[in-house]
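Each in structure tokens, the structures are laid out below.
What follows is a pair of complexes built around subunit A, which joins subunit B in one and subunit C in the other.
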Partner chain A sequence: MSDPSTDQIKEEMRQYVLNEFLPGEKASNLHDDTPLRSSSIIDSVGLLRMIEFIENRYTIQVEAHEAGVENFDRIEDIATFIQNKRGAGA
Partner chain B sequence: MSERSNSAANLCEYLEASAQRFGDRVAVVDPDGSSVTYRQLNDRADRISGFLLARGLQPGDRVGVVQPKSVTGVCAIFGILKARCAYVPVDSSAPADRIRSILGNCHVRAVFASPGCAGVAADVETAKTVVVTGTSTGQGSSSLSPNAFAWDKVLEHEPGRALPASRHRDDVAYILYTSGSTGIPKGVTLTHENAVSFVDWCTSVFNPDEHDRFSSHAPFHFDLSILDLYVSLKHGSTLYLISEELGKSPAKMAAFIASNQLTVWYSTPSILSLLAEFGNLKQYDYSRLRLVLFAGEVFPVKHLRNITAQWPSPVYFNLYGPTETNVCTFARIPTPIPPDRTQPYPIGWPCSHCAALVVDDAKVPVPKGEEGLLYISGPSVFKGYWGQTGENPAFFERDGQRWYNTGDVVKEDPADGFIYVGRRDRMVKRRGYRIELGDIESALYRHQQISEAAVVAIPDADAGVKIHAYVATVQDSQPSIVDLKVFCSKALPAYMSPDAFLFRDSLPRTSTDKVDYQKLQKESAASQSQAK
Partner chain C sequence: MSIGSPELLEEHQKLQDGAIEFAQSELGKDIIRRDREEEFSREDWRKCANFGVLGMPVAREYGGMGLGITEVIAVMEGLGYGTSDQGLLFSINAHMWTSIMPISLYGTPEQKQRYLPRLSNGEWISANAASEPEAGSDVFSMRTRAERRGDHYVLNGTKTFVTNAQVADLFVAYATIDLRLGSMGVTGFLIERNTPGIVISKPLEKMGLRTSPMAEVVFDECTVPVSNRLGREGRGVAVFESSMEWERGCILANYLGLMKRQLERSIQYAQTRKQFGKKIGKFQSVANRIVNMKVRLDTCRQLVYRIGWLKEHGKPATLEAAVAKLHVSESLVANCQDAIQVFGGYGYMVEQQIERELRDAMGSTLYSGTTEIQRNLIATCLGL
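The block that comes next holds the complex of A and B.
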């Protein structure tokens, strides 16, 4: 598998969030900058499951101190975080 | 040294006796790592009490505590109790309207609030005193009203307290607000006697002592906190406050429990499930952990097996009871859990200070083994909801006892005690929190584009329950699901936010024109099983 681009990661994360947390919602209503944690779209348990998904999908390790809203509140931040992690680990 | 009596009449006595006996021992450790000794805690509580009395508070007045969990909050709670007032703990992260509605409902005379909540507290007309916690002298409070006081100033006040002789077992100690079916939270009003009878029962069953280190995972507005706070402080143990942030991170929490060598853990099953699944428990030493207590919801056996396998040495107890009675039945869970067991464990037999009765709809006791509603009597049973007048329909008299209807359907097993069967009303539990589905509906009806709302809950193997909201919207104007989620995050506590929104042109009705919940329930159950 070739490395996904940031845009691909955003789309994958959008699909994941829609399937897991927003069943029935249109993709066009979930923007790159829609708040996910502060809006309760994803609760604390949902965040743990999402991180587990991200770790497996992108083969990165998310440390406990990295799991805050600064990295996980918006799809664009999540994608940037994943790319940075992948870059750092490469 | 003489044996200490088990029959305190007042929660303050626990702290005062421990301050005498264990003055230099650490009483409470703050989430930031700082701590107070028993002597310091008692001294600060005396000063807070002196301040409240000087501000004119009278016995029975309500005082809000709206701030993240901290040593400050524990000091405030005991200061309030020493002034013979009742504390009203409120989730500081709840929507402002909800905080305001709770503080307004019981007419708080004073509030201890974090800087972020001080404004909301000051909005409450009766709150003539607002102590802004988490601020150093003057800072952050100077811009507030003349009724606002900085925490440091309050701690400089002369000590003072209501005379111990004036304390009464029927004094209200605290009011815990739970979800109400009409959208207005209900204030469960509990006295010192209610709490003391439960705490003394804990003493007899769990044998705590000054070498114990208790977790405090539950927030103070949640009734699990009563065991954490008062059982640990009664026995000179050390209480480790777990912040909301730490409490949400199983990996960090696992390290915290091990490094602080906690001996007693108490939380909802949800939290234990997360610790087992995401805590990487194998990498730490938990040999000091001797007791694991859980309450608040059914513990799915799969997850219970998982935690008991990873923490094999502690003794496990399932504690059962609504906020109105605190824990009233309990069961020791034999470990290891057999691999073929799928049935959840029973809620067990009544605690020694409680009596239980299982009755049918006519309030006639059912034959042993048959299903019926569980009623509880005893000194831990609350007197009523705050502000409720007239007969409380949840009570009835029998054999000279006052019996409280828990609303839970149970059946008795001769070997294991009571087995929880379910509920007949619209109350569900999620992560240990009680949720009246009607409470969510009333929030949804406040959305301008929603014309009809009906909320159902369906069982879910992982989450316990999933909450589905069916909504009909005003013509040609459908909000997005993201919009509704954001709306709910402002109108409701996070644990009440629906998992799914389903749009309908109109809601199905029964022949008597009531919302057909059964039909919606079936639709949701069908969609859930399809998704699996």
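The block that comes next holds the complex of A and C.
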């Protein structure tokens, strides 16, 4: 897989969240800073599914202590986290 | 005897016919007394193991039969038709779906080799320790802690509603490595009965399914080797959820058989029992109850077998499993109530065994996610 940019990751995550958790919602309504966990768009089981998607898609490993709202509440934070993990693993 | 299921393939029908014959001849003896005295039958458990029931979903390399989900559903439906001991079948369901399946999916090769053959051949019984006094439907808010100390975890906490606890040789337990992590702290463990620090505490007396034992389990400085962690640290939710589609689809399959048997009994009774000079089945108010029982049974069967089809075609079945769990459990209760009404005063008597079937049925709207939780799941899947 070629290295995706942060913007590409944001877009992929936006599509994933829309498909999995907000079917029928317009992409324009899901912003980079829309809260996902704290607004209950994604529940605990959904978070796990999203993390498994991220691990498979971006070939990274998310540890339990990394899965808090600081990394997984907003699309922009998720993209930054993924890029940092990929950079750390490179 | 054949249930005569038009949607079953010939090989599935043969499996089911064999299960019916086995259950009718071997299981459920002395059930009225055993229900009253809450007596689990280890002998019937071994018979089921020898027949291959316990290892149905287990890969052949680990001593199982390697059956697919539709085959398992067909066998469980046959067992439900053939035996009156729904408590035994409930214990078997707990054993298969909350222990065998997570080990099959998430166990290391060593864990599979050690546990799956024993769990398949009836040597060991397993129990699932997830629910807590303050964490029922919201199970991932559990408080039981697992503290890592070198090459061990030390577990402390109390689990409740642990099916098979008193007879279990292995516990599939869940605890959090850090309460602050929420669901991402939940981790699965395989804990053998002789592990120091396991206390089988208060036995729980139930309304129904009384031949299936249940108790509270306390982990008091229970030391578990890291090698007995099931799945990755913090991925207990995935382990727990892994079997839920199987469980929600299959755990009520035996009740399809019960509903079929109950329907046949009700028809037979309505065709022979006379009041006011005619057979009671000729009264529309009685006949309509039986018609409703038939409609519910047929819709339930379609929903349960649809899960089998979806899973075997590699399709997700989260929504369909929740729909089936909700509809089958509520239909089952309604059918039991209708059967009692058809039998009248006799239906209320213990000897007819319908009152026990109603008591057994009531649990189905609670375990594996209550009716309310199933509705929440369905609503979420619909984007609500």
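Keep in mind that, in the parts below, the second predicted complex is superposed on the first by the 90 of 90 C-alpha atoms of A that agree within 3 Å, B and C clash if a C-alpha of one lies under 4 Å from a C-alpha of the other, contacts with A are read in each partner's own complex, and residues count from 1 in each chain.
We adopt the following convention: a residue touches a chain if its C-beta (ideal position, glycine included) is under 8 Å from a C-beta of that chain, and two chains touch if they have at least 3 such contacts.
Predicted, not measured: the structure shown is a model, and the values here were computed from it.
Trainee: Output check: A:Thr59 vs subunit B and subunit C. Expected answer is one of first, second, both, neither. What do you get?
Mentor: The answer is neither, since A:Thr59 touches no partner chain.
Trainee: Once chain A of both complexes is superposed, is A:Ser5 in touch with subunit B (first), subunit C (second), both, or neither?
Mentor: A:Ser5 contacts neither subunit B nor subunit C.
Trainee: Output check: A:Gln15 vs subunit B and subunit C. Expected answer is one of first, second, both, neither. What do you get?
Mentor: Neither: A:Gln15 stays clear of subunit B and subunit C.
Trainee: Report for A:Asn29: first if it touches subunit B alone, second if subunit C alone, otherwise both or neither.
Mentor: first
Trainee: Tell me which of subunit B and subunit C touches more residues of subunit A.
Mentor: Of subunit B and subunit C, the partner in contact with more residues of subunit A is B.
Trainee: Tell me the contact category for A:Asn84 with respect to subunit B and subunit C: first, second, both or neither.
Mentor: The answer is neither, since A:Asn84 touches no partner chain.
Trainee: Which partner does A:Val45 reach: the first (subunit B), the second (subunit C), both, or neither?
Mentor: both
Trainee: Please write out, lowest number first, the residues of subunit A touched by both subunit B and subunit C across the two complexes.
Mentor: 22-25, 43-45, 47-48, 52, 64, 67
Trainee: So in the complex, the part of subunit C that touches subunit A is made up of which residues?
Mentor: 140, 177-178, 180-185, 187, 233-235, 237-238, 241, 380, 383
Trainee: In the complex, go through subunit A and note every residue touching subunit B.
Mentor: 21-26, 29-30, 34-35, 38-41, 43-45, 47-48, 52, 64, 67
Trainee: Mind listing the subunit B positions that touch subunit A in their complex?
Mentor: The touching residues are 248-252, 270, 274, 277-278, 431, 463, 480-483, 485-486, 488-489, 494-495, 497, 499-503, 531.
Trainee: What residues of subunit A sit close enough to touch subunit C in their complex?
Mentor: Checking each residue of subunit A against subunit C gives 22-25, 43-45, 47-48, 51-52, 63-65, 67-68.
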